[in-house]
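Presented below are the structures under discussion, each in the form of structure tokens.
Here chain A shows up in two complexes: once beside chain B, once beside chain C.
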Partner chain A sequence: MKTNNLNAGNTNCKDAGLAYAEPGVINKIFLLATLMFSLGLLSSQNALAQRIGQEIMEKVYHNPSGDDMQGDLTMTLINRQGERRVRELRQYIKDDGEVEKRIMFFLSPADVKGTSFMNWSYTDGSDDDQWIYLPALKRIRRISSDGKSDYFMGSDFTYDDLGERHPDEDNHELTGEETIDGRECWVVESTPKESDYMYSKTVTWVMKDNLLGLKREFYDERGRHLKTLQIKDYDQIDGFWTILETEMKNVQREHTTNMKFTNISINQGLADRMFTERSMMQGI
Partner chain B sequence: MQNDKKKLKGLAWLTMLSVLILSIWFLSTMIKNARMETNLDEYMPSEHPAFIYSNQAEKWFNIRDGILIAIENRSGIYNPRTLEKIRDITDALEDMEEFDANDVMSLWSADNITGDEWGLDVRSFYTRIPTAPGRLEELRLDVRDNDMVYRRLVSEDETVALIVAGMDSKYFTQEFYREIMDFAHSFESEDEVIYVAGRPIVEGTMALLGPADMKKMVPLVLVVIAVVLFLLLRSYRAAGATLLSVFISSIWAFGLMSVFNVPVYSVSTMIPVMLIAIGVAYGIYFYNHLNRYYLKNPDTSRYEAIRYTLGILWKPLAMAAFTTMIGFISLLTSQVYPIKYFGVFTAFGIFSAFVLALVFLPAAVMLFGYKPREKRSGTGDFLNDSILNVVADNLLKNRVWVYSVVAVVVLVSLFGLQRLWINSSFLDNFEKDSDIVQTDAFVNSKFGGTSALNVILESESADAFKQPEYLHLMDTMQKETEKLAEVGNSFSLADYLKRMNKVMNEDRDEYYTIPSGSDMVAQYLLLYEMSGDPENLLKVVNYDYNRTNVTFQLKGDDSKTINEALSVIKGFEDQFAEHGIEINYAGSGYKALVFTSLILEGQILSIGITLILVLILLSLMFRSIKAGLIGAVPISITALISFGVMGLLNIPLSTTTALLSSIAIGIGIDYAIHFIQNYRMNISKSGSRQDALHVTMGQTGKAILFNAVVVIAGFLVLLFSVFPPNRTLGALVSMNMFTSLLGTLTIMMILIYTFRVFANRQGETVKK
Partner chain C sequence: MLKKFIFISFITAIFTVPSYTQFGDELRIGGYARNYTGVLTSEGGELSILQNTLNINLSKRGDNIAFRVNPYFYQYFDNEPEIGLREAYLDIYFDNIDLRVGRQQIIWGKADGVFITDVVSPKDMREFLLPDFEEIRMGVTSVKANYYFGMNTVEAVWAPVFTATKMPGEGSIWRPEMDFPVPPQFDHSLSDVKPSVENSEIFLRYSLMSPSADLEFVGGYFWYDDPALHMERELDPATGNITGLTVSPQYHRVSMAGGSFSKPVGRFVLRGEGGYYSGRYFQTTDPAVPDAVVKKNYLHYMAGIDFTIGGVNLSSQFIQEYILDYDAHIQNDEFETTMTFMANKDFFREKLRLELFAYTGFNNEDALIRPKITWDFADAFEVLGGANIFIGEEGRFGQYSDNDMVYIKLKYSF
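And then the complex of A and B:
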């Protein structure tokens, strides 16, 4: 089992992709954190808070998911006027540890049915490869782009939000505890080590009992609240904790993206030939 | 007697004290509550359908006015230093609170979507500053190939690059203006010139420059009025008390505004203008009658003189004041709130001036006395009664000539009226050689235009704008409108699709067309969303693809330019309607156009209502329809000439110039009522029309003349203003005063005489 998390949407997968953690590790974090709070040791730049924060985020990151996943995705974009744009897709994802391959077929609306999109993302950090097939044009086109901060299909998720971010890329700090919808959470603040990252900081609410991300706030370069991600539904599928519904709200644009996942199956052994230009044209 | 005098003095002191206390109270609320409203959106009637629609469309498509920063390098922008500056300006603007980071467009922030035989490439034009000549040339060719950027963000001759940042005009303050100017100009060098243009800058500069200039000019106007007033009244006390009463009435008017928490709008500055013109007249009437009584009865007591004056004056003063007030209150019919407020509070100011003339001026005389001006004889006194009488007699003798002149003037004015045009332009308020106009002209010469008109197309059925048929029609509309010299370019969903079609077909020029099927359109749009910046699409089409925004860039913000473009676009309304597509308009330029027309409509309606009211009121007051009809003459003539001359001299109607015709109401009514009332009194005494006319000319005629001279002299000072709208204001106020004067003392006088107003019943036989 790779540590790479392949939950349904891959939405913010590392943190949100729920997996089990060894009880011993959780207990250790619990103990340390409880000690820290009870002794009133919590303050900024607190080395202990940083160490616990780091540990929590690593735990979240190293959640086992699956090697492949397939399922249906309903993506709803809601703009400031409350107008909705609903798209249904079937998606297949496979990760061999080096490349994460993803192929998506549009099911609706009718006028884009058959359009397919393939994305190969490399663990070594090189640029993603992307292809698009437009049935009206009957041609496949490669898309090359220089922006990781590009939004994914007009949604409020950037490609980066969808991918995994290694915990070593940020400095973490446990800043408090909160209960959201009856779930007790750690609150961890993460600040990027690189200076020109698109977010100046993120704050993640991690559920205590299963070390799963429940909510995350994103702050823009100017330090203003930009987006909030919320996991609305999750369940265990084929033995893996999987997100079933997630919502990203951009508070500055007043724009929301809701993703709902259905018919999910994990580790069914998707073949590599699934992820080729040929299958893009053939459709599902 | 002694006791009575004491009582009267006490009453006078009490009056003074009440006026003082009331003024202090109003002043203190003013200090506490008064705020200047500079956000032009607050002026717009937000419940008017055109504004409701435009405001909504602005939200739908994030339509905002932009600040344009142009950087010019005569030897071309494709050099490392200029490219670096484009980057730095863009990044800095994105970081400023006033701008939306997603809404700063430049060569640096733009995406370049290109295609070749294998794929589609979405990237920035440059991410690192290119230095190698080869790379610079490559960038140059990239830009040339991209219609979304070439001629939009980089000029055709490649010497100017544009950075456009959308902003809300509410953020515009004096400090921000300085900040952005300093910021932009800090990038200037020997090789590079920076220009800052755009509607927020023009609007902001105007909001700052107009009142600043007025602050300098108003004291001068007041000094001149004071001096001329003194020269005419020959009494410090009279001139001082008159000016003071004008001043107090202004304070009361503005004070009441503060009490009701009504902000001070730019049109509110017209309130004191009206009050000066009208208030000065009240003072002059009062002191003229007082003076006359003193001269006739040199040994009279103050009390007697005041009693006489008030006895003569209160009735015409009350009639004039109340009719004028009704005239201004009729502005309530306007759909524009600042105009409603202007009408109501001017009316209150007039009421105050009226009350002050009846209590404050007498109290001042009671307490401080009055020294009558010497009746000087000889030719030196141009205001000698006999001269006025000679003039009157001559006019009466040459009635035919006067009628002919009036007829000619009316005809010429009617002709001028045809040429009258409304201008909602902000830019036209500045000198042609001013920095702001020059900058604007420069940016317009290099790019599509500094002003914008948004055309919103709407269909009931979802996905309408995926239909190639409609997109073609949209494209044709754009092409037709772009043929106009003042329309620089346009931008719509059709442009995105043409670009996508080209890119997906190996960048071949023959594919720069609307895609052939609606599925293809849908798939291109999906592709653009996935690869480009989806925010861009939100600016042109809604989520249901049944509402779309076409932006036209115009080289001028004046109404002629906007109307020209509108007339071409409206030519397509029927064709769109056939497909169930409705056309509407949005944007600040369009709103300003509608706004100005609304003001004009309100103004004309108000003049119409006033004319009818005056007709009715004068007919009732004087129990003579004839008197009513004749009394309406000065108002009509003043308003007609005012608009006619503006048409002839090509002075467009704008918010302020349209309001100036209110002077026709205020002064026209005043003059007519005083003259007619005085004449009626005189004719009932003497019985002779000619004698009555002579006396009236000497009394009211003179007072009217004084009033006109004082106000004209004062407002002519504004001709030396550096702000063109203030110069126009000065000229038009002076002209309106002058035509009111002439209308009353020539044609109205002749008509009163000729049509034997009040003369029939008394008969002329009494005299002899």
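And then the complex of A and C:
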């Protein structure tokens, strides 16, 4: 609104300048001052919103989640006809502040049972390291981490969705505050710094009291709403706020993936040996 | 004597397991049932295979001990049913050491579809390279010890019983071409390698998994799995022509040292593997060599790259075999070059997969092209359709140019 007014004023000024030299100069000075003030105000407001947005997302990122976690994951894929496919796996995660190591053991369906997948992601932004063990081949294979935009086991989650994205990878801006189901949330819009990222932006509703993301909307490269992630259940486990059930709905393809986490335990002192060749091949 | 030694080793291993060891977990049962029907395209639709398979995995695991048994059953339309044990072993876990005793598949190396340093498990080549690799590699009766420190692993394998490559039988369409000047008599009296400590095989491997690269160094002193065909010629004293030929397949010791790596570089994964074989036997036509085999050193190596473009996983490998100190009478070429190409892509949330794997032989301008389509009809139930297309007239793949086939596999995993 302010911008529109300024534009109109500027146009008037040009016209006025042709007819009256003296008043035109005064008008120009006045309008220029107004423009600079308004731009400065707008700029400072934007900067403030961006700074707060950045701070919120950093707090979310650094929200204590324990040094290690283990638990079972049941993933239910639901298509537009309501048909369901279920995948089960057990995962172990350890984070020493520099490297987050994650290993997943696939339990069902039967044709993927015994497969294990290990991912090491680095806080310094280095490319992830990934390995997969296929029991039929009895060999661990190194795979490229380039496929972060690939969907995980046919679900609506990409590999990147499953990891924690570092806040420095996006520009953030606090766009408002909303209450969802009685939970007060900040609404933060995040735009990726890299130009060819799979999402043009994400919008996250962050609960003020526990700094968990309650909801996130993902927008595709053309800026169209693609997916919505919602937290269905969360609780404090071993003293840490933990997500217990999430649902990702692809609104364009009308496909939903529900993830339920059970048997979770945190800070049990997971040994580094869990994230090795031995562990991948032995399975659980 | 050897059986007693193995028995004592086995009992010693079991009794050195900590006393708190127990099988705490329930018995796990898995496996698959499969129908595999293949039709030759060049023979007016003649069945090349009609096989029904039941493959069962039984395992049980405790804190420090586990076992696994993998029996399989094949039923054919034109052959006797076959029953066997792909694996049957006992695992004993210590703090940093694992012991595995029994029949087991041991897979080494980083190459896909070729065997360079992958020398421990023998191969079942009765249907050439067409079965799944799990079925091509046979279990080897052995004791395997793994020692772990950090991301490093040292593995030692002792195999007291030699198992040779299973070759296609007489009359099989997969029997390799063998050119003999006259129809030979086969003498298998020297083909046996009797199980003994002296005849046992030893393999050693060191591996490292690290963020920058995965490395593997291997070595072995073992029997080469393919026989050398020693020949005895009978000559007509008047004409000098060969009038009779006795072929005696024999197995020989070979030493091998090599290694492999895989390294991520940006969006690519680079792979390499190489093995140096000391004392491999090759067939020769040199009239000065009375039994038609010569012993040479040999190099086998591969360089490969994996990457993804537009959701299509792509992979290519350059493979070369090189006979050192070559002489022109050797039947194999001094250099034999092969390349492989692989492309696959998943569709419809991994319900449908298209795949193409191809071997291309440069020496004989031959190839094997294997397109496949896999449809996950339901969880754990897949339908796979494919073709095996052999191109060329001679060479490793071209020799099977009459064996082009299309096939379908129905597989239910449980």
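Some observations on this one:
We take it that the second predicted complex is superposed on the first by the 234 of 284 C-alpha atoms of A that agree within 3 Å, B and C clash if a C-alpha of one lies under 4 Å from a C-alpha of the other, contacts with A are read in each partner's own complex, and residues count from 1 in each chain.
Methods note: a residue touches a chain if its C-beta (ideal position, glycine included) is under 8 Å from a C-beta of that chain, and two chains touch if they have at least 3 such contacts.
The shown structure was predicted, so the numbers you read here are calculated from the model rather than taken from an experiment.
After superposition onto chain A, the modelled positions of chain B and chain C overlap sterically.
Contacts of A:Lys138 after superposition on the shared chain: chain C is touched, whereas chain B is not.
Of the two partner chains, chain C is the only one that A:Trp120 touches; chain B does not reach it. Once the two complexes are laid over each other on the shared chain, residue contacts for A:Asp129 go to chain C alone; chain B is not touched. Using the contact criterion defined above for the overlaid structures, shared-chain residue A:His166 touches neither chain B nor chain C, since it reaches no partner.
Once the two complexes are overlaid on the shared chain, A:Pro109 sits against chain B and chain C alike.
By the document's definition of touching, of the two partners only chain C reaches A:Arg278; chain B does not. Residue contacts after overlaying the shared chain place A:Arg85 against chain B and chain C alike.
When the two complexes are overlaid on their common chain A, residue A:Arg222 makes contact with chain B while staying clear of chain C. Clashing C-alpha atoms with chain B after superposition occur in a single stretch of chain C, namely 307-315 (options considered: 307-315, 325-333 or 397-405).
Comparing the two interfaces of chain A, the one with chain B and the one with chain C have residues 77, 85, 109, 111, 131, 136-137, 139, 141-147, 150-151, 153-154 in common. Put simply, chain B touches chain A in their complex at residues 59-60, 95, 101-102, 115, 118-124, 127, 463, 466, 504, 515, 517-524, 526-527, 529-531, 533-535, 537-538, 542-544.
Within the complex formed with chain A, the chain C residues making contact are 30, 32, 98, 105-107, 109-110, 132-134, 137, 146, 148, 150-151, 153, 207, 209, 211, 214, 262-264, 266-269, 271, 306-308, 311, 346, 349-351, 376, 379-380, 382, 411, 413-414.
Partner chain C is touched in their complex by these residues of chain A: 77, 85-86, 108-111, 113-114, 120, 126-127, 129, 131, 136-147, 150-151, 153-155, 255, 273, 276-278, 282. Contact residues of chain A toward chain B in the complex are 77, 79-81, 83-85, 106, 109, 111-112, 115, 117, 131-132, 134-137, 139, 141-147, 150-154, 220-222, 253.
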